[in-house]
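Presented sequentially are two complexes of chain A, the first with chain B as partner and the second with chain C.
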Partner chain A sequence: MPLSDFTRRRFLAASAATAGLTVGGLPFAAPALGQGKGELRIGLLTSLSGPFASLGESMRAGLQLYLAQAKDGIAGRPVRLTVEDDQAKPEEGVRKVRKLIEQDKVDIVCGVIHSGVALAIRDVVAASNTLTFIAGGSANNLARKAASRYVFRPTKTNWMLGSTAGTWAAEKISRKNVITIAADYAAGREYVDDFVASFKAAGGQIGRQLWTPLGTTDFAPLLTDIAAAKPDFVYTFFAGSDAVRFLQQYQDYRLAGRIPLVGTGAAFDQEDVLPAVGAGIKGAINTFHQSPSVPVAANKLFVDAYRQARGRLPGEFSTSGYVAGQVIAAAAEKVQGDLTDKDKVRDAVLGLDLETPYGPMTFDPKNNQAVLNIYVNEVRVGADGKLVNEVVHTFNGVRDPGATA
Partner chain B sequence: MAGNRSTLVLSVVVAALAVLPLTGVPDHHLRLVAEILILGVAVMSLDLLIGYGGLVSLGHAAMFGVGAYAAALFATHVSPDLLLAIPAGIVAATLVGAVMGALVMRSANLFLLILTLLLSQMVWEVIFRWRDVTGGADGFRGIPQLTLPGGMAIDSGVDLYYVAGVLAVGAYLVAASFVNAPIGKALVGTREQPIRMTALGYSIPRIRLSVFMVSSAIAGAAGALYPFVNLYVGPQVAHWTMSATLVIMLVLGGVCTLFGGFIGAAIYLVFQTHVSSYTDRWQLVVGLAFVATVLFVPRGLGRELHQLLRPLGLGEPRVTAETDKKGTVR
Partner chain C sequence: MEYYVIQSLNALVFAVILLLSGLGLSVVMSLMNFVNLTHGSLYLLGSYIAVFWMATGQPWYLAFPAAFLGGAAAGLILDRFPFQLFYARTHLMQVLLTYGLSVVFADLMRWGFGAHIATPQIPELLRGVVFILDTPFPIYRLFVLASGVVLAAGLWFLFDRTIWGAVVRACVVDTRIVEALGINTKHVFTAVLALSCGLGALSGALGSGILAAFPGLDEEILILAFIVVVVGGLGTFSGVAVSALVLGFTMTFAKMLSPEFSNLMSLAVMAGILIWRPDGLIAATRREV
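Moving on to the complex of A and B:
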């Protein structure tokens, strides 16, 4: 790992300098390696085993890429990154976040993929006033009743994707005879409910709603139901390996190309889903805050760097790790690297106006939630024959309604 | 004689654990030890079924989970008083255990394993689907901290540690007295010589039902405290994989020892929490440790510890699992 070399070298240099000063007759002038300056400790809590393992590895790679690019550390402070595996289990997430705060004494906690983990650790980080950047878990509640003063979320909420999909689909695809199929857990319920709400508000009618447990391997009964019902389109949410299996079987049952697919971007993730499914699903529409084709300079730079580092296009979680690093760094620069006054850091985050690989990002002061562009992506076959998410429409500056919703 | 010595050793262990917080162990480590004690109690209750009764159950998490949800719901909606919430969990788990016991008391071996597995999955399904009450897949949040009868909150790791310690000692005493009571002896008898026991006039189903209820009550007590460690409880606590984890902990620690449950829980949780900080492949390490245990320490670490303590006058536990010639217990 180049990063650890880097910090070790810097640490040795700093020790040598300190020793030099001491020998030079200035025993009391040694720089204070205390709270304000010195090492900046970041704890990354992510899923490196369990159902979200590949997503977690992408998130870690994204953050490491950012830190490797920030050669001089963040706001002049060398960074020490501690990565912990929450195993996609809320109990384990709580255990690990306590370890990060109490044992590793991190200045900042970031990461988290599973919404359940995000909600479970929320009370722990809130009780200890730890600066926290939720880069993945997108449960609506964290922007609403469970919002907390020092918990920031530099990514989307489920509502931002579900509601834009409903609006777009009602306008561009069909207003009737829709089937929803999604993984039966918090995220799936929220995506589908928000989709249904905005779809109905736009005059749409919902047909059957199908749910399958997380980790379903055989979608056959549901796919035959879909084939029999002949809906105008199917709205779907699955994540990780569930999404891969669903899309593969959707093609096996010859539904691809006959019944249009609309979904959340996670079900068509550029990095963790699309490479594993066949070209049959081209034409699928998804709403997402990320795409390799987002037309901003920051995204082009990131996509190129990530391709060089890992040889593939970034998806949501590698981007989320990178953006988390970018937001942390931008906020830390604004307070000259001094994170001791947390209200100052909070003001700095809320005052950010960043260009990230997601596009422009600002924060909503009422719930610390990022305001983001939401893109309508179409899955197309790229020049190299591989599937790629192309932006076909942009909803600018989508803002979660917050606690009033 | 040996009994006095083991009481002495037990007292020394308890005393050492009692002063542990004074040695400056960080708060989150104490929470982990509290969790080990809680899961150890659950494994110990499973030992009554598997070790002493020869009843290999793959549904023990149902009772643990019901105890956990019952206590969490009780604390949230009625009262967070320790002396009310924990009994609520015990009562709920005992009821479920009584139903499960009544349904499985006439079966044994593989049928018992499958029946307990299926019944516990039904319990899990209820918890998973009943989202208005249990929070469904997202788990149950917003649990208040337990309070002592005076109203003092049990919030720090130290407090939880002591409560878990009292629970562990209490549960151990209950389990040990059950094992040493006539019904405990009869239970071992039904494991070793079911036909002879029937001929002697014992009702095997009735004995099995009793051990199911006692074991469920202890598991429920452990489950009842569990949500308050992290102020969160998710449906995984009642899932069959949790039952399997309890069985693994039992094998690691040693069947038919009672205290082996604590050793097994400690090994498993420390591995899970600490090895995963160093490698993504922590499950491989746990798996290898399990394989190594089965190959080299087939009787579990708890029994080996017994062996090591022999010079102190602590012999083998009086009831051993190896005597089972049919191999239903290992």
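Moving on to the complex of A and C:
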């Protein structure tokens, strides 16, 4: 077992003893190289228990990997990382982000997986003018009405994935007879609505739309419906265990290979979902901002390093933690590590032109939202017999429409 | 036509999944009057045992006895300490104890097995499909269906038709009289608890091929198990089977009619049943002596 795994286990053992504890800063860097600004305090708010526990661990591992690589700290300042668990509950997220800001006096808040948590803490961080980097939660509204001056989002919005899937599927697969099936909560509704909008705009026709409650145990009745309807393809969004069950049962009922499956990348996440799903799902198409095969040097380096650290390919959330670290470091370096003038930091972030494991990243000054390439991934069987997301098409520089949408 | 046949088959399979999740809980609740909230943890433990067993390349069918034995062993230990101290106490105390333990077990399992979602490597033999009225139907689901029916029948036979079952039922009614007959009732309760825990884990092993295994599944199963046991009727064993069937069909056909409102419809049916029969579908007949 690699060393990082050991620390992960040790942390979990500790968290079993005391619920919601802080990982008291492990100074990742050598003592400061001067400048006398002391350590840079970063607070990571993520989900380490509850339904997103596995995603939260990946996000933390990604950020820790970046900090471990940045041996000299960020902009010459050693980094003190404080990790808090929001349990994927908005009210817990608010409590923990207050603790990070008021008690730990962090310079920067980052992380957040659950969109509901992201929206809930938005008012807290906006009121205290805290520099915040939402690395996971992708609700459209954070790039629109809920956008805020010092809240940056170095990841995709749901619209960026849903609308590109609609365009691509209408052009390459079929314009008629499509069934959508998705988890019935905010994210599922956004993905599917944005898919439907762009699919219709491209001349597509939508058939039945199925919504299932979060945590659905058995998809059999719906799969039997889909088999009877014989659609040209199915568009889907599920996350985590719902995704694993849906894809597994899609194969059990022999729909895989007969009815093409198109979806949101999260439903085929490289780290969270694909390892638990059988090879029958190969050929499925998904739109995502992440893939282990994104052809940029930054991604290759990251994928290799992550594999070494955790023995598996990175998915969305491990990449999001790493990219958050990268964006924070790049912005801090532009202002020589001095984060006191927040408008200067903001200008620095908005002026970034980074090569990240997601691909090139710039920020849209109207809503602080990252402009990213969106990839069309096809699930293929890799050389080692394991499933892997391969990029088959790239939508360059996709920009969320922002508040006007 | 075949559409409804297949949907009915789906409903039957789901009923068995519900039955499997409720069996172990029902055994301790109806026979020992003990509320065991660690039931979901034992189910999840069984799922993990199946996942790991099938990954080792040992004969796959041994995964199920292995899960049963693992669960039963855990039950033996839990019975020694601390369950035995709580058998005679109020339900509230039992809930407090077992809920606390279930939280501890959830963390222990996340630490030991990891937080990722795991699925067992089902053998080729079970992974295929059979064609029922020209519609492919997964063999594994039929296997689960058959296992559930066999298990339920076996338990019914054990408790209703054997002398050992008679002793257990007698213990529930009057422990002291049974002891006066020279039977050590402590051992009887230990055996029932171990059996119930073993059943929980065995159900987990069988269910893992459909539901996967991951942190949080324990709570999900516990809720299903409680719904089944409460709707079926506390203190009765056949009630669990009937309620699993009713709920399996309700939930499946609710999903067909409107997947969005399937939870609402299913819960409305459950509430209706409980208003109609507050003690559950088949209430225990209590004889006062």
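Here is the rule we go by: the second predicted complex is superposed on the first by the 369 of 405 C-alpha atoms of A that agree within 3 Å, B and C clash if a C-alpha of one lies under 4 Å from a C-alpha of the other, contacts with A are read in each partner's own complex, and residues count from 1 in each chain.
Throughout what follows, contacts are C-beta pairs under 8 Å (C-beta built on N, C-alpha and C of every residue); 3 or more make two chains touch, one makes a residue touch a chain.
Because the structure is predicted, anything quoted here is derived from the model rather than measured.
Contacts of A:Ala53 after superposition on the shared chain: both chain B and chain C are touched. By the touch criterion defined above, A:Asp85 reaches chain B but does not reach chain C. Partner contacting the larger number of chain A residues, of chain B and chain C: C. Of the two partner chains placed around the shared chain by superposition, chain C is the only one that A:Leu210 touches, whereas chain B remains out of contact. When the shared chain is aligned, chain B comes close enough to touch A:Asp123, but chain C does not. Contacts of A:Ser115 after superposition: chain B is touched, whereas chain C is not reached. Of the two partner chains placed by the overlay, only chain B lies in contact with A:Arg98; chain C stays clear of it. Legend: residue contacts after superposition of the two complexes on their common chain; A:Asp184 is shown touching both chain B and chain C. In the superposition on chain A, A:Asp252 contacts chain C only, with no contact to chain B.
Judged by the touch definition given at the top, the superposed model places A:Arg399 against neither chain B nor chain C.
Common to the chain B and chain C contact sets on chain A are residues 53, 57, 184, 213.
Of all the residues in chain A, the ones that touch chain C in their complex are 9, 12-13, 15-16, 50-51, 53-54, 57, 184, 210-213, 215, 217-218, 220-222, 224-225, 227-228, 240-241, 244-245, 248-249, 252-254, 272-273, 275-278. Those residues of chain B lying in contact with chain A across their complex are 26-28, 31-32, 35, 128, 136-139, 141, 230-232, 234, 236, 272-273, 276-277, 280-283. Contact residues on chain C toward chain A in their complex (touch as defined above): 3, 6-7, 10-11, 13-14, 17, 104, 107-108, 110-111, 114-119, 129, 135-138, 140-141, 210-212, 214-217, 220, 224, 251-253, 255-256, 259-260, 262-263. Those residues of chain A that touch chain B in the complex are listed here as 48-49, 53, 57, 84-85, 87, 89-92, 94-96, 98-99, 102-103, 115-116, 119-120, 123, 139, 184-186, 213-214.
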